[in-house]
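A short worksheet on the structure shown next.
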Amino acid sequence: MTISEINYKKETTLEPINLGQLTTLNLGPTHPATHGVFQNILQMDGERVVSSESTIGYIHRAFEKLAERRPFYQITPITDRLNYCSSPINNMGWHMTAEKLIGIETPKRVDYMRVIIMELSRIADHLICNSILGVDAGAFTGFLYIFQQREAIYDIFEEICGARLTTNIGRIGGMERDFTPSIIAKIYRFLDDYTLALKEFESLFNRNRIFMDRTIGVGGISAERALNYGFTGPNLRAAGVDYDVRVTTPYSSYNDFDFDIPIGKNGDTYDRFMVRNEEMWESLKIIRQALDKLPAGKHHADVPDFYLPPKEQVYNHMEALIYHFKIVMGEIEIPKGEVYNCVEGGNGELGYYLISDGGRMPFRLHFRRPGFIYYQAFEEMIKGSLLSDVVVTMSSLNLIAGEIDA
Amino acid sequence: MVNTAEAPEGVEGPGFFATSLDKVVGLARKHSIWPLPFATSCCGIEFMATMASTYDLARFGAERPSFSPRQADLLMVMGTIAKKMGPVVRQVYEQMSEPRWVIAVGACASSGGIFDTYSVLQGIDKIIPVDVYVPGCPPRPEQIIDGLMRIQDLVEKEPTRRRDSSEYKALLSSYGIK
Amino acid sequence: MQLTNRSKLVVNKELSWSEKLYLPAIFSGMMITIKHLFRKKATIQYPEQKREFSKVYRGKHILKRDEQGRENCTACGLCAVSCPAEAITMVSAERKKGEEHLYREEKYASSYEINMLRCIFCGLCEEACPKDAIYLTEELMPANYDRSNFIYGKDKLVQPLGTSAHPKTYKPYKK
Amino acid sequence: MEILLIDKVFLIVIVFAVSLVIALYSTLAERKVSAFLQDRLGPNRAGIFGLLQPVADGVKFFFKEDIIPNHADKALYILGPSISMITALMTSAVIPWGSYIEFDGRQIALQVADINIGILYVFAVVSIGVYGIMIGGWGSNNKFSLLGALRASSQMISYEIAMGLSIIAVVMMTGSMSLGEIVRQQHGFNWNIFYQPIGFLIFCICAFAECNRTPFDLPECEAELVGGYHTEYSSMKLGLYLFSEYINIFISSAIMSAMFFGGYNFPFMDLISSPNLLAALGLIAFFAKILFFIFFFMWVRWTIPRFRYDQLMTLGWKYLIPLALANIVVTGTVMLISSSFK
Amino acid sequence: MEEVELNKEFITSQLTSSFGHYIINSEETYGMITITVDRSKILEIMNYLYLDPKLSFTFLTDLTGVHFPEPKDELGVVYHLHNLPANIRLRIKTFFPKSDSVIDSLTSLFSSANFMERETYDFFGIIFKGHPNLKRILNVDDLDYFPLRKEYALEDSTRTDKDDTMFGRG
Amino acid sequence: MNNILFLSLSLVSIFSAIMVIFSKNPMYSILFLVLTFFTLAGHFAIFLGAEFLAIVNIIVYAGAIMVLFLFVVMLLNLNKESEPNTPMISKIAAIIAGGMFLLVLFSALTNQIYAPEPLYTKAGEIGLVKNLGKILFDEYLIPFEISSVLFLSAMVGAVMLGKKDLKQG
C-alpha cells in the first residue's frame, strides 16, 4: 500500500460525515419568514444548512397569458400586482413600453411627475424590505416606526390616483390627472418627515452590533457570481457593481437629476441593507429636485388616438366621443413590432418584452422579473450558513412572491 | 378530538346555565382572536398596514399572529391562492384546532378576482368553508378590520356546542374534511 | 466593476471600540423607543374614528342619476368591456313611453350587476363611461358572510332617489 | 408550630396568587407596553383599557380544542408544560417579600422559607425548568420544536454558568447564600448594585437568556422556528407555556431586585418605626422595583434584534464567563485589601 | 484592446465571419440589434458572444419563449444579452418547429439561465438539452399541457360567477 | 413519619432506577434517571441534613449533566430502528463487568452497614456549606487540589478534542 493510497483511504472514510443525521427542514410555503410563498427544503446538519432546494410557483397567476387576452390599457392594473410593494414603477414601466412601441413623446411635466411617483414607490419598496429584515432579525419596533411613513406614501398615492397599494396610476400617454397643490404640499411634508424617520430607523439598526453581527458576512455573493446569476438592482449594487438602469439608460428624464449610485463591497446582507438604505436618501434627493424643477405644461401627451379625451368633451362633442369609444373598445392603430423596455424597479431591472401584431391586445408580453432571476442564486447563497442566516438572507433579497411567480 | 366544555349533567339543551356560559365564552373568544395570516400577495401588505401603528389590529386583541396553525383561531387567507397552493391552505385549515374561523380577504382569495386563469383557484371556498368575505383588491385596512369585526360578531353569537353539531359536521364533510 | 462615475461606497463594516461593546447602541436604541412611549399615538381607532379619504378614492360603485332623478346609464357596455376583471354584466332595454322621468337616454340597463368579489376597484369603468353614469365613491365595500351577497344589482348600485350628487359621491373626473 | 404552619400556608397561597395575577397581567402589560413603544394603542376593547384582555385569553384557551398530535409522544407532550409551570412557580418560595409584620403579638416573616442556601435552590429549580421546554419540544415530534428545544437547552446550560459566577461575587461579599440574609444586609440604601455593577450586568443578561427573552429568544423566535418548542401546542397547554414565561420574568425581576437593588429596603427606612408600616412600604418598594424590571424586560424586547445561535454561545462562553471570573477575582482582591486595612 | 463601436454591422460581421449561414437575419428595431440565428449553433454563438473580448456580452438579461401559431406553427426562444461596460443590448432569436422543440441549454454559460429555461419549458414545452433540472417551475407538476401556447385557453373552467356571453367574451 | 417518607422515597428511587434500565426509549431512561437523582437529593436533604449536597446534586447532575445527555439523545434522534445490534461478546462483557461491580459494591456496603456509628446522627453538621468548606480546605486540602488539577487537565483535554474535531469536519 502506497502513501497516496493511504491518504486516499483516509479521505474517503472522512467524507460522508454523519450523512445519516441530516435532517430535512421544510421552510415554507407558509413559514413566517418567507413573506409570501416559497418553499425551501433545507438539508440541515444541526443548525447548518448543507444543501437546499427551492420550489416556487405557489402563487403563479399566469400574468403573461392574461396580458395576451387584455387590451393595452387594461394591462396596467395587472402590472400592479407584479411587485406589489412598488406598483407605480410597474405601471410606469408598462406605459413607457407601450409608448415606445407606439412612438409617443411625453411632455417634460409628465416625465417629472413619473419620476416623483416612481421614486416615492422606490422608497416604499426599500422601506418595507429593510424594516422586514429588522423584523426577521428580531426587532419589530423599527418596522412599525418606518411603516407610518409608508402610510404617508399611501396617502400621497391615494390623492394622486385613488388607491393605496394597487395604484393603477397613470395612463399610456401621460397621467390620468394633474398634481394638485395639496399633493405637492403633501410630498414636501413627506420629504421632511421621512428624513427624521429614516434617521431614527438608522440609529436603531445601522451601527447596532447585534444587527451587524447578524448580517455581515451572511448570504454574500461576489460580483462575478452575481452578474452570472443575472442580479440587478440593489442586490447587484451591494456586490459592488454600479449598474443602475436609471443612469446607464436614462428614461423619463432621469438624467436631469443629480444623484449617486450607492454600492456595497461583498454583496452580503448588511451591504444590501445599507445600499437600500442609502438609495432611499438618494430617492429623497431626486424627489426634491424634481419637485423644485417641476415644469409647467400638460399632464399628458397630445395623442388623441391613445389618450382619453376629457370627460366634458366626451359628454358634449361627437368627435371626442368617437375617440373615447375607439380607445375603450381598443380599436386603435397599434404598430406591429417588438420592444424591450426596462426600468429600474424596486428589485432591479424590470423589463417588458412586448411583441405586437397590431391587434388590440399584445401578441406576447413577457416580464423580466428581477426577483425571479436572482432567486435562483439563493441556494448557493445560503449553503453552509445557519438557519438564522437563511431567514435574514431571504428577507434582505426582498423576494416578492408576486414578482417571482408572475 | 373536540374537547370543548361538556355541559354539567342535568343541563341538557340550552338551559340558563349553558346559555350564560355560552355568552361568557363567546365574549372571551371574541376579544382574543389570534389570526394566522396566510398572506400570499398584495393583501398581505395591506394586512401589514392593518397590523401597523396606524390601524393597529391589537385593539381587538388580535395582534399576536400565530404562524403555527395549532394556536390560531382565525385563518386569514390574503392574496391569490394558486392551484399549487390549494392543498397547503387546506392542510393548514385541517391542522387548526377548533373552534376555527376563516376569512377570505381580497378579491383573489374570495373569487379569484382579476386572475381568472388556469393556475388560480377561483375562490378558497372551493376547498375550505369561509365565514367572511372581504372584497377589495386589496381591501383597505378599514375593510380588513370590518371583516374581523364581522368575525367577532359570529364568534360572540356562536354556542360552544356548535362545533359538535351534526350541521357543522355535515358542512365539513361536504368539503371532505374529517 | 465600475460602470459609471457616480458610484459611492456606503458600507463601513469596521466596528469602533465603543460599538464593540454592544451597550451604547442598545442604550441609544432604548432611548429612541422610550421617547415613543410618550409620543402621540398614530392609531386611528376605526370604526369609531374614520380616516378621511381622498376625493378620488376608488371605493364602492354608484350609478348616478341626473338632477331630475333619471338614471344616466344608457347600457352602452363600455364599462363592461373596459373591466379587466370582467365583473360587470348588464342587460339593456329600450325605454318605453312614459319612462322618460326614469331614464335619461333611450336605452337603459334593465339589469346591471357588478360582482364585487371579482371587482378590483381599478376605476377603468368610471374612466370608460361616456355618460357620466358610473362612479367609484368613497364608500367602502363592507365585508359579508355570504358570497351571493356580493352580486350588486341596480337596487344597491343606483344612487337613491332624492339624494343630491354631493361631493362625497360625485367626483368630477379629470378637471 | 401549628400556627407557624398556618402562617406559611397562608403566605404560600398569597404568593401563589400574586405570582399568577402578576403573570396574567404581564401578558397584558407586554401587549400594552409594546403598543405604546410602537406608537400604537394596544388592546383596548376588552374592558376598560383592555383590562379584561388576559381573562378573555384565558377563557379562550380553556375552551379551545386540545389537540395532541398523532405523531407526538403523548406522555412527554403533556409533561412538558406541566414541568415548565411547576418550576416557574416553585422559585417564589425563597424570595423575601418583606421583612416581617407584627400580628397578634407575633412576628411573621414575609418569606415562605428562608433556607440557608436560597440562591442555590433558585438555581436548582431554574436548571430543572429547561426540562419543560426540552421535553415539550422533543415530545411534539416536530422539527421546529426540536430545534427550539435544542437551542433552549444549550442556551440555558451556557448562561447558567455565567449567572452562577456573577452571583458568587455577591455571595462573597455578603457571606451568605440565604436570600433573606442578603436582603437584610442591604439595609437602607446600601444596595449591592453599588458594589457589584458588573455582576448585576452579567446577571441581568443571563436572566434575559434564562427567560428566553429578546435578544435571546432563540428557542421560540417566530421568524425562524415558527413557534419554537411550542409550535405544536394549542389551548391551555400553550397557555401554560406562555404563562410560565411570564412567571419566570416576574421571578427573575424579583430576584434581581432582591439581590442587587435592596429588595424591600428603601432609603430613609429607619425613619419609620412601626414595623407593619415599614413592611407595607417595603412591600411597595419591592414591587415597584419588580414592576420596573418587568417593564425593562419588555422595553429591551421591543428595541433590539436577537442574536444568532453561535453569537449567543460566543457571548456566553467567551465574554460573560471570563468577565464574571474577573469580577470574582477583583471582588476577592478588594475584600482582602479592605479587610487588611480594617 | 482598440475601441470599436459595437453597432449592428460590426456584430453581424463578426458573427457571420465565424458562423456563416447560421446567422439568418439581423436588423435593428426600436433601438435594439436583433439577430436571428439557427438553433443548432446557439450555444456556440452565445459562447462566442460571451468570450470574444470585443463583444463580451456577459450578462444574460432575459430569456423567454414565443409561440407563433401562424403560419408555420413554430416556437421561438428570445435571448436578451447585455454588454454592461459598453451598455449595448443585443437580442438573439431562434425559431424551430413545434414538433421538434429542442434547443441547447445555456446553463453552462449563465447560471441565470437555469430558472428562465425552466420557466420557458413550463410555458411552452421547449426542451433545453443539457439543463441540469428541467422540470416545471411555476405550474403544478402534473399539468399536462404547456399553457402559454396559443391554442390553450386562459380561463379557469371551474369558475361559476361569470357570464361569458357578455360583450364577446368567452 | 420519617419512616414513611424514607420508605416512599426509597421505593420511588428504586423504581425509577430500574426504569432507567428497562425503558426502551432513551428519552424516558434519562427522565427516570433525573427522577432518581431527585429522590437521592431528597434523601440527602431530609435524612442527612445535607441540603447543600442535595441542591448541588440537583444542579450538577439533573440540571447540567442530564440536560447534556438529553441534548445528545435529541440530536441523535435515537429510536428503535436505528439502535445498533450489540454483538454477543459485548453483552457477555457487560454482564461480567456488572457482576464484578456488584461484588465490589456489596463488599463495600457490608462494611458500612455494620459501621459502629450510623452516619445520619451527625445530621445538620456535615451538610452545611461552612462545615463542608472547612473540611475540604483543612483536612482534605491535598486531595482537593489534586482533583482540581485533574479537573483542569480534563477540561483542557476536552477543549483540545473539540478543536481537533472541528478542524477535520
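For reference, chains read A, B, C, D, E and F in written order, and residue numbers begin at 1 within each chain.
Quick note on the criterion: a residue touches a chain if its C-beta (ideal position, glycine included) is under 8 Å from a C-beta of that chain, and two chains touch if they have at least 3 such contacts.
Everything numeric here is computed off the predicted structure, so don't read it as measured data.
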Lowest number of touching-chain links that must be crossed from chain D to chain F: 1
Chain labels contacting chain B and also chain C: A, D, E
Chain pair with more C-beta contacts, C-E versus A-E: A-E
Identity of the chain that, by mean CA position, is farthest from chain E: F
Centroid distance [mean C-alpha coordinates] between chain D and chain A, Å: 45
Centre distance in Å when chain A and chain C are each reduced to the mean of their C-alpha atoms: 23
Chain centre separation in whole Å, for chain F relative to chain B (CA means): 52
Chain centre separation (chain D, chain E; CA means) in Å: 63
Chain B: positions in contact with at least two other chains: 53-54, 56, 59, 67, 84, 111-112, 114, 116-120, 123, 137, 140
For chain A, residues contacting two or more additional chains: 23, 31-32, 46, 57, 60, 62, 65-66, 77-78, 80, 141, 144-145, 148, 151, 166, 204, 208, 210, 227, 241, 243, 248, 405
Chain E, residues touching no fewer than two other chains: 84, 87, 138-140, 147, 154, 161-162
Chain A contact footprint on chain C (complex, rising order): 1-4, 6-11, 13, 15, 19-22, 25-26, 28-29, 32-33, 36, 42, 53-58, 78, 81-82, 84, 120-124, 127-128, 130-132, 136, 172-175
Chain E contact footprint on chain C (complex, rising order): 1, 3, 77, 80-81, 86, 88-90, 115, 117-118, 147, 151
Touch list for chain A against partner chain D, complex: 23-26, 31-33, 46-47, 134-141, 144-145, 148, 204-205, 208, 210-211, 213-214, 386-391
In the complex with chain C, residue positions of chain E that touch it: 84-85, 87, 161-163, 166-167, 169
Chain D contact footprint on chain B (complex, rising order): 1-5, 24-25, 27-32, 53, 56, 58-61, 63-64, 66-68, 70-71, 73, 97-99, 160, 163
